[in-house]
Amino acid sequence: KPLVLALNWKPEPQFGGFYAAQEAGYFRENKLDVEIIEGGSGTPTIQMLLAGRVDYAIVSGDEVVIAHARGGDIVALFATYQVNPQGIMTHASRGFESIEDVVHGDGVLLWQSGLPYSQFFRMKYAPLKVTTAPYLGGIGNFRNDTKLSQQCFVTSEPLEAKAVGLKVKTFLVAESGYNPYTTVLVTRRARLAQSPDEVKRMVGAVRAGWKDYLSDAAPTNRVMGDLNKAMSAETFSASAAAQYSLIQTTAETELGSMTLERWQTLADQLLAIDVIREPVKVETLFANF
Amino acid sequence: MLGALRDWIAEKLPAWIFLGGLLSVWQLVVAQEWVAAYLLPSPTQIFATTWQLWPEIWAATLSTAHSIFWGLGFSILTGVSLALLFFAIPLVRRAVLPFCIFFQTVPIIAIAPLLVIWFGFGDPTVRASAFIVSLFPILANTLTGLQETDPQLRELYRLYRPSPWQLIVKLQLPSALPYMLTGIRISAGLAVIGAIVGEFIAGGGIGSLIDAARTQQRVDLVFSGVLMSSVLALSLVFAIEVLSRLLLRGRPYLRKV
Amino acid sequence: MSAIKVTALSKRFSAADAPVVHNLTFTLEERQCLCLLGPSGCGKTTLLRLLMGLEKVSDGDITLSSGLIEHMSYVFQEPRLVPWRSCLENVLLPLELTHSSSAAQRDRAVALLQQLGLGERLAHFPSELSGGMQMRVALARALVTEPRIILLDEPFAALDERSRFRMQDLLLSFKAELGLQYVFVTHSIAEAVYLGDRILMMDAQGGQRDWRAIDFPARDQALKMTAEFNGIVESYSRLFTDMETALVESGGSG
Amino acid sequence: MLGALRDWIAEKLPAWIFLGGLLSVWQLVVAQEWVAAYLLPSPTQIFATTWQLWPEIWAATLSTAHSIFWGLGFSILTGVSLALLFFAIPLVRRAVLPFCIFFQTVPIIAIAPLLVIWFGFGDPTVRASAFIVSLFPILANTLTGLQETDPQLRELYRLYRPSPWQLIVKLQLPSALPYMLTGIRISAGLAVIGAIVGEFIAGGGIGSLIDAARTQQRVDLVFSGVLMSSVLALSLVFAIEVLSRLLLRGRPYLRKV
Amino acid sequence: MSAIKVTALSKRFSAADAPVVHNLTFTLEERQCLCLLGPSGCGKTTLLRLLMGLEKVSDGDITLSSGLIEHMSYVFQEPRLVPWRSCLENVLLPLELTHSSSAAQRDRAVALLQQLGLGERLAHFPSELSGGMQMRVALARALVTEPRIILLDEPFAALDERSRFRMQDLLLSFKAELGLQYVFVTHSIAEAVYLGDRILMMDAQGGQRDWRAIDFPARDQALKMTAEFNGIVESYSRLFTDMETALVESGGSG
């Protein structure tokens, strides 16, 4: 029976390393039989993992903390994005210089109000002046309204906007000080306790995959492009290029490794904005391999 | 008076008992951890959460109720009018009816940008969504009701050369009434979901509440929202029932002679 | 001037079957009342429906005197009451539909129902009435518009003899006082003779057999005791029996 | 044979003409840039995209069709059975029916975790979603149909002390048929949207395609998906029509005597 | 041994209204055939429905001889055919519902329809039949199960005299040959005298008025020409008229 790795979105460069590991046979080399299943906008990835339906999953850092706060015992193993790729995309014509300008300006901001960063903004930049509305993906409304700003992944929407000739200015959410690890590989603690060796091999294979992908994204992009017809080849390579610096680590730290301080900061922030009610044991949130 | 009350209790009692049983089993299932609480919160937890966040939840519920009222109201109006039009002019029916089903199959989320551009962020989009989703059942059922009118009665009425309006008001609508009411009942449920989906898109109300709670893994809050939407739907169905009883008071509708 | 002129009228429901009404020709003068007799299934109802315009003519012609069509009324073979309307509301229906619901006409509806012995049933629904009562409501409904001509399909079949007599005389009084004309389908030869200025006998092959005018100086129930009346009934009876015998022998439906 | 064909064309022609008109206006609207192409792509562009990605789109459509078939099939079975149960035992109806409306009002996305856990990721969840969304109309309509059966005929049948099964097969179902068929028609549309929403959660099919395309600025592809879902719904409705004509062939159903 | 024993039977549809059947007592012996006469709305249909168990008794008792209930059959006042079943299928319905659809019984259904003059209408739907034909189909449907007793509510009201006579004799032949017992509602006094071993007259106040046994040596249409027969009809007629007169004077419905 293969190990199932559940993604939280369709095959896109943000998952490049996982597909690369599959393609290059790193899983097999590590005696792992891995099946990658893609997700959609409603896929409850973390619950699937908690309920034991899948063995590994991709979630975001804040989700890990929240799950812990609600009694879900999962462990972060590999953090793809060292820098949160979430951003706020604005029309350059607005002349905004910072996130603060955006949320204190007029017009509309589209975001997922359930995401912790929005609460963080509400606290940090209170009171917001901008009118907020839900963001569901795409840039249709953004194109149609020059006074509209929106949430984005810097690896995605800004590239699309530029591709259709819009002049945009994008601010990373991380600039505000809210910077959770993102596209994090997680598993259940029970699994880690039961077969630490398997987990170690898994992380090894993933890391090897990401190394490959960062050095040359093209072959894996082709594979993912076949699985995701909605994304063009150009977007694949542009997106892969855009995410490089968010993933790549310095020479002394390994790809995907995490620090206690970062997790501590995140946990404190989430506590401060009331997304979690009780402090969590930060050292149990993750394990570096 | 007292008798009416007793009847009413006798009629509603089984539902309350069933509800009680359901909640007990549910509570047990969660308490025994047969289903994890992070998937399905216990009823007591849901009630606790609802109680705790009551001001927000109540405001959200009111806002959603408002949108449902307009969306459903408009789809009843449009649905019945369209049904009458289709019934009166079969050519129009044959031309247009197949495309009305489109309203039922199009994922609102797929046309969200269009909706937002046409109706703006906020209530109008929510109402439009509730309308779109709830139009077809009332249309289809009313049309069937009109078509199933006893041809013998139709013949009788035609003896007196009634105006089309009279034929509609005095024969077609009364005899289509059971169909219409069932259609409205179906549409009521759909209007609720339509409004909530609309709120996923345009913000506000229970939809936003559920959406936010979902991203934060607040299953209890999600279920508070679901609870309130069910309460809305049940209230609607109840209102429709009361209304239809008033309409039919003492009238043996469709009881054949 | 003739009220109704029927020329070579034929009706067939499907090309395969024999015609139900076959090459029928007759003229009904103004004010003349016609009774239709004939075995079950011979086409009486069909003829009445053709006259009313409820069925399409297959062949031939029906000519009504001008304006007559607006003042025609019809009683179906079954009561055909509107189930969700009370007895009185059923009778008021034609008035509502013809925009003529004056107070006087409402009073007329109530008066009619009283004359028909239903004065205490005004608020009852059809499902709460007996078969004969339902038929009387249907009769009241047809009369309430004060039609010039009324087509009646066995209206009294569900009534006891005594009620039937009263209804017959009511009909005759409308004829005498209001000049009401009628075409009346019945199975009773005596009733046909009593009510009809003329009688049309149909056979099951879809054609008419006989056609006579009857003229009595006066019509009341006492007439039925006279030798003249009984003689006419007798002669029709014999005619009918002859037709019927022919029918049975030819194996048709009877 | 030729006559039947001619009738068929005469019957369907208005719909095709209307479709043609609709597409022309749509094309014009987009060509004139009254609505931006990135919000509403032109029909020709939609067809071009569909043509270009046909293998994927066709595979997705087949997969969705498969899920709809099972979801709708199961909801017809369950809906009719429940309606019969509710009709036979009014106590059960009064106890359970109010809660059936829950199926229509609960946002699938809110109970996604439960669905995925119970039914597993992939097709089973998609089928379950199609089922949940399409259950109520068929249930409500069939129940109304059963309840509206001519009480006089019911009395007639009861003279012969039929088994409950006979009463159902020989009286109740035939006389509820127009209601049921309308319910199925409504449910068919809902099953389509149910499956697509299910695919937003559990992957696969047209839903997944739309979901990916909508975040990728591929409005043309979104509308390809919407087109295919409408085609699915129309085919279903057409199949139901053919089936019901076969069932009713030469039978004056509910034509009153 | 008595087939049906009715004791102090009353029926009221609502507490407010007067009872429709009021304190009725009679006993019907085995094989005895009863005719019910009475003005429209007096409760004949209601009594029949009570006997069949279609209405709940308000007061008093109905006792049927053991096993009789399983061999009872009923003809409603209106045809009440199943609209989506053909003529033959309507007649076969009781057989299907009682799991007794043997080939012999199917043949019997066809034979019955032929006897009733509908041999050529087997495949027609109810809406394609005349009123009288529909009623005959209903009659065939009630006879096809070979009942021991059959309750008939004005079954021949929609038939012409000649068909009516044939149906009467058919019924008598079933009585003679198969021992069929019946309770027969009619508006024709002659028909009641001809068909009834006993006659029960009801008045509109909901009670019975008279009740006699009639014993003829033989029954055929010729009997109707005899003085004895006409005498009895005459005496019933007078009785009926008296009742009716009393009624009209007391202002009741007629």
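Order of writing sets the chain letters: A, B, C, D and E. Residues in each chain are counted from 1.
Keep in mind that, in the parts below, a contact is a pair of C-beta atoms (placed from the backbone, for glycine too) under 8 Å apart; a residue touches a chain by one contact, two chains touch by 3 or more.
Computed from a prediction, not measured in an experiment: that's the story for all the values here.
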Counting C-beta pairs in contact, which comes out ahead: A-B or D-E? A-B
Considering only mean CA positions as chain centres, point out the chain farthest from chain C. A
Between chain A and chain B, the Cα-mean centres are separated in Å by 38
Roughly how many whole angstrom separate the Cα centroids of chain A and chain D? 37
Per the C-alpha means, the centres of chain C and chain D lie apart by a whole-Å value of 51
Just the number, please: Cα centre separation of chain A and chain C in whole Å. 86
Residues of chain A whose C-beta touches two or more other chains: 41, 47, 51, 136, 138, 140, 144
Chain D: which residues touch two or more other chains? 39, 109, 113, 117, 152, 197, 200, 207, 214, 219, 254-256
Chain pairs that touch, as defined at the top of this document: A-B, A-D, B-C, B-D, C-E, D-E
In their shared complex, at which residues does chain D touch chain A? 36, 38-39, 53, 56, 108-109, 112-113, 116-117, 120-122, 197, 199-203, 207-209, 211-219, 221
Over in the complex, which chain C residues touch chain E? Could you list them? 13, 37-41, 44-45, 77-78, 117-121, 128-133, 136, 153-154, 157-164, 166, 187-189, 237, 240-241, 244, 253-254
Residue numbers of chain D touching chain B in their complex, please. 11-12, 14-15, 17-19, 22, 35, 39-40, 91-92, 94-99, 101-107, 109-111, 113-114, 117, 136-137, 140-141, 144, 147-148, 150-152, 178-179, 181-182, 185-186, 188-190, 192-193, 196-197, 200, 207, 210, 214, 219, 222-223, 225-226, 229-230, 232-234, 237, 254-256
Please output the residues of chain D touching chain E within their complex, sorted ascending. 152-153, 155-157, 159-162, 166, 170-171, 174, 251-257
For the chain C and chain B complex, residues of the former touching the latter: 52, 54, 73-74, 76, 79-84, 93-94, 96-98, 125-127, 134, 145
